[in-house]
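Right, one structure below, let's go through it.
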Amino acid sequence: MIIVMRQGSSSKEVGDVIKRVQDLGYQVHLSKGVERTIIGIIGDERPLTVQPLERLSGVEAVVPILKPFKLASRDFHPENSVITIKGTEIGTDEIIVMAGPCSVESWEQLQETAHVVKRAGAKVLRGGAFKPRTSPYSFQGLGEEGLQMLRAAGDETGLLIVTEVMAPKQVDLVCHYADILQIGARNMQNYNLLRAAGDSGHPVLLKRGFSSTVEELLMAAEYILSKGDYQVMLCERGIRTFDTKYTRNTLDINAVPVLKQLSHLPVIVDPSHATGKWDLVTAAARAGVAAGADGLLIEVHPEPDKALSDGQQSLRPENFVELMAQIRRVAEAVDRTVTEPEVERVAVSAL
Amino acid sequence: MIIVMRQGSSSKEVGDVIKRVQDLGYQVHLSKGVERTIIGIIGDERPLTVQPLERLSGVEAVVPILKPFKLASRDFHPENSVITIKGTEIGTDEIIVMAGPCSVESWEQLQETAHVVKRAGAKVLRGGAFKPRTSPYSFQGLGEEGLQMLRAAGDETGLLIVTEVMAPKQVDLVCHYADILQIGARNMQNYNLLRAAGDSGHPVLLKRGFSSTVEELLMAAEYILSKGDYQVMLCERGIRTFDTKYTRNTLDINAVPVLKQLSHLPVIVDPSHATGKWDLVTAAARAGVAAGADGLLIEVHPEPDKALSDGQQSLRPENFVELMAQIRRVAEAVDRTVTEPEVERVAVSAL
Amino acid sequence: MIIVMRQGSSSKEVGDVIKRVQDLGYQVHLSKGVERTIIGIIGDERPLTVQPLERLSGVEAVVPILKPFKLASRDFHPENSVITIKGTEIGTDEIIVMAGPCSVESWEQLQETAHVVKRAGAKVLRGGAFKPRTSPYSFQGLGEEGLQMLRAAGDETGLLIVTEVMAPKQVDLVCHYADILQIGARNMQNYNLLRAAGDSGHPVLLKRGFSSTVEELLMAAEYILSKGDYQVMLCERGIRTFDTKYTRNTLDINAVPVLKQLSHLPVIVDPSHATGKWDLVTAAARAGVAAGADGLLIEVHPEPDKALSDGQQSLRPENFVELMAQIRRVAEAVDRTVTEPEVERVAVSAL
Amino acid sequence: MIIVMRQGSSSKEVGDVIKRVQDLGYQVHLSKGVERTIIGIIGDERPLTVQPLERLSGVEAVVPILKPFKLASRDFHPENSVITIKGTEIGTDEIIVMAGPCSVESWEQLQETAHVVKRAGAKVLRGGAFKPRTSPYSFQGLGEEGLQMLRAAGDETGLLIVTEVMAPKQVDLVCHYADILQIGARNMQNYNLLRAAGDSGHPVLLKRGFSSTVEELLMAAEYILSKGDYQVMLCERGIRTFDTKYTRNTLDINAVPVLKQLSHLPVIVDPSHATGKWDLVTAAARAGVAAGADGLLIEVHPEPDKALSDGQQSLRPENFVELMAQIRRVAEAVDRTVTEPEVERVAVSAL
């Protein structure tokens, strides 16, 4: 940490700042420039960031040098983390596709979608049972009944299950049914929920808040990791910018290589929310894979024009099959793989 | 609601959209323009917004006409709402000042601050017992012990108490000690918490999310109002923009008159978070009052350079006294009032 | 300037960076911490910012310590700058109001508006002759004919004239007719124009780009100042954020005290563009004055519903008279003044 | 266009609005809903957008239905536009790579870079002779001397030349030396420059302003197209968002498929500016190709750590060769091509 003193600060002010820092157990390094005096602090600065050193007399700025996250950082864990759930690995050369409806609406809808996405090569079934909705007048999800349907669809198809948990007290319930807890964008800084998820030890898919920085996403992951739960996946799902006319959000594609540089955790891209329009999802998914994502999260619905939520960004089954074919080609171009569709496997084995 | 059909959409597509809307129980109004066909929908469109009509074949855009919030709107309740708590009215010509430390740190710190702000003219004591912190390594608050101190300080001084509640299961506990529940910016779209707060019937200070639109703030208020709890105050506390070099947030001063136009609920401005720098707080507070705020929320600490949180934006007692003197003059210039300081009252009665 | 080396950087890398900096004529200060080695650079770092030191092997980050602007800074010129134009001073305790139509449309429209704003207490007449319009199909201004009308209206009323200049080759022409050159938000980083304006030596009203930081605004001012033209006024006119539903821009009210802290130049607030809605202009103007602005820029039109541009944000004459009355009261509350309206002056002298 | 009347607006107000619209030569369509009366306007609404209909009494909102751009739209020109310059086609299945230094610094630097990028498969040489710089103290470019070097390097290698033009009066000069005029992000709404570029009839690479919407980019293109110059390329080069810690800008990858849907003009992606960090450029370039870009604009410098501008985002020659190899594979995965490197061609012909 560097403390920059104001132009014209007095020796007493400089002395007081040094004394305060030393009292907190740190060594300092004084450097007098032509225009500014600078005090360097030696040691792990993270505990210091809570100290309001900017309020000390004569201080112009406090400049942190170290990154505020530790367990999530690649410095701490240089190799890619691989998360293994019931034999499926996330974070390897294989790009894992998680697909399914925005909301679980009925057993028929879920079962049909599950088989569709499984056949096309997905490994995880997504679907919401507890739904955060902007309006209190919108459909709020089926609750535990939806969780039961998800589990049944997972068992029937062999897909893993990921679903959102919205409150600390739901964590145990959701862990009972789901293989992966999803923490939604609106809850990325719901610290009680992060702690509860971390305590569960369950794999967590952590979605970036729509106005959270990459660093805040990593700090939210740090909450979970600091509880000893290392099975965390980071999900870029689009950010809020000034341009919302033709897309719902802006896919921050830069965040994919940035997160891979800064952290060892797997990075998942959600092109459905990041665009908000079904006819942009496939292009965004291709971009996500090309940029280095370890997985994709895709909304699929058998009848999007009748969906109770997110219909405008959900793919029809045939669009999803086409998306899978396209990302498979892009994956190969970046030395990655995507599971082959079952139908083709059948066709080949029939020879 | 208006449905705009794509250029060149077929009669069948137009007919299918009309049929779908009629099946949902609405009348339609067809208008064929030179370049586009438009279908107007007659009736309360709010339940329709969950329908993914954009996915119907031939539809280019769906344009809502009505505002999505209802109970929070001035159309619904043309007069200003006044919230009365133990005899103190919020939403009248008197500007209510809520002040105190970011976090409750100790009884001495809280007691001293409470007396300072009371004497200067504040009506409500603020202070955090449960603290949402970006880093899991930062001070997380004193919990229930902090709540007890707040209650004691309120009882000793006659100040009302406002403090943050972070999870649904804390609502009962916080209601037990506090006069006003604060829902923080990061939880503005924590719908389980909004519902729990609404169920409590307690007064609520709802802070705008740092990247939430004015409309989303009103929709969050709608969650609470729809539970029958009408004692909601809206708090503008700064938004996140591209410029974060010299301030922590950007005070959206336009939001004050906009909220007063759109809604009947009292509007509170938090210049401490909206600037993030103590030496900008007074100017921002004056602006808030000049723009039409019904109250202010201000961080005050006896020793900001030793505060466990938000020290850089907390006022010293003497700065707070000066702020109160300045906003009192601005309040008068816009035909509002701020409670006189006790010391002056004493001085006058001594004559 | 501080250069932070990556964790694990080699002695050779550190040595190479030091050598490079020394070759550029600077002294260095080496500090080895527990996790990072830091190289401090002693001397005026501004010329160094063009050096891509981040590309040197082993460098993690380059952290500037000094502000990049110099002539615009309060460090350089501690007192407020006062700009005197034909006897009118800008930057004193008197708040200067500049008012008039968005575009000059006709002599009748301009003459009427000029007299209205003069009587109400304005000191400067604004009006556009060259108009930057988003659409090539919109009214583009009257050009030199508009400038002639502005000059005539100024001469008739005694008001100073401010009008926009859009290209370097227009600078001489606009200087011939106007007292103050306005550089619009879209041209804030049109460096050829900034240089041409600076070369003219004319007073300049420099509007902040709608997505420019405060620092970039000061750097744009630096372009003009570095040509020896010190008569620069900074104008906050609203920034672009994620929320554009109920206002055209977001008035960055924090920028007013921030600019007053960082710079000695007068700060003008434009509540017309900063809100984009006529019925929010007066509240925003009051906030601007309360926050410390030295002047206001207001759009006034005799018939806003027939204006060729910006009608939705222009005040009618009677609204402007009311705005002036309101800001006069707020100005007094912050120990500033606004010129009295002429009608009152007449009334007093009639006694 | 739809005019929404306020709740409770009177018949007279509705009648006045209808009369005004009819006086302007339009037919109207009246629709009385339960809560709101709506007036639909029949005909080409574009000329109407300059009318301040929102200021008419009783009007709540004016909702445009048609897009404001016409010549740039795919409705107007359904097929992709192909721009042919000296036999090179832009806008076909071949992805065109434009590469070179940020600034032309010397003949040696430019010549070396030109040969490097030519051999690696680039078709166009980029390089700045007039440089827009945030600081007046930074290197401002070599001017006409730089243009001469660019032309010479183009003639020597057979590469086309693209370079920035900053002012209307430079247009003729730049046209004399360059094959493509670049209009920079800061000048995207410099309308005098857009008109001058359009008048030249020269091919134009139009960069999106860093805070401009996709619609504003298309409106800027409309300025050029409306002058009869149809050889316009649109360039996404990153936008400004709230997160600037680890990247200089945010690549708006969604804009690529959005622009391809809305417009017939070729879309170029600039991953150098869109990331601002050389070690993110290749990932962003892959994403751009995967998303559907028709070309890339890449900064390459023989010695980035000595570059006079943008060194931190410039690729070394060997990094550029690697980038070309990677995007060639991604291009094939989306059924596009990138020119093969010359060295390989030589190798093959040597057999």
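As written, the chains take the letters A, B, C and D, and residue 1 is the first residue of each chain.
Note that in this section a residue touches a chain if its C-beta (ideal position, glycine included) is under 8 Å from a C-beta of that chain, and two chains touch if they have at least 3 such contacts.
This is a predicted model, so every value here is computed, not measured.
Seen from the C-alpha centroid of subunit A, the farthest chain centroid is that of C.
Comparing the residue numbers each copy contributes, subunit B and subunit C share more than half of them at their mutual interface.
Between subunit C and subunit D, the centres computed from C-alpha atoms are 28 Å apart.
The distance from the centre of subunit B to the centre of subunit C, each centre being the mean of the chain's C-alpha atoms, comes to 31 Å. In this assembly, the C-alpha centroid of subunit B lies 40 Å from the C-alpha centroid of subunit D. Shared interface positions of subunit B, defined as residues touching 2 or more other chains, are 211, 240-242.
Subunit D meets subunit B in the complex at residues 2, 4, 7, 29, 31, 33-36, 38, 40, 42-44, 61, 63, 65-66, 75, 211, 240-242, 244. For subunit D in complex with subunit C, the touching residues are 46-47, 49-56, 68, 132-140, 166-169, 186-187, 189-193, 195, 209-211, 216, 219, 222-223, 226, 240, 278, 304-312, 314.
Against subunit C, in their complex, subunit B makes its touches with residues 211, 213-215, 239, 241-243, 245-247, 250-254, 256-258, 261-262, 274-275, 279-280, 283-284, 286-292, 326, 329-330, 332-334.
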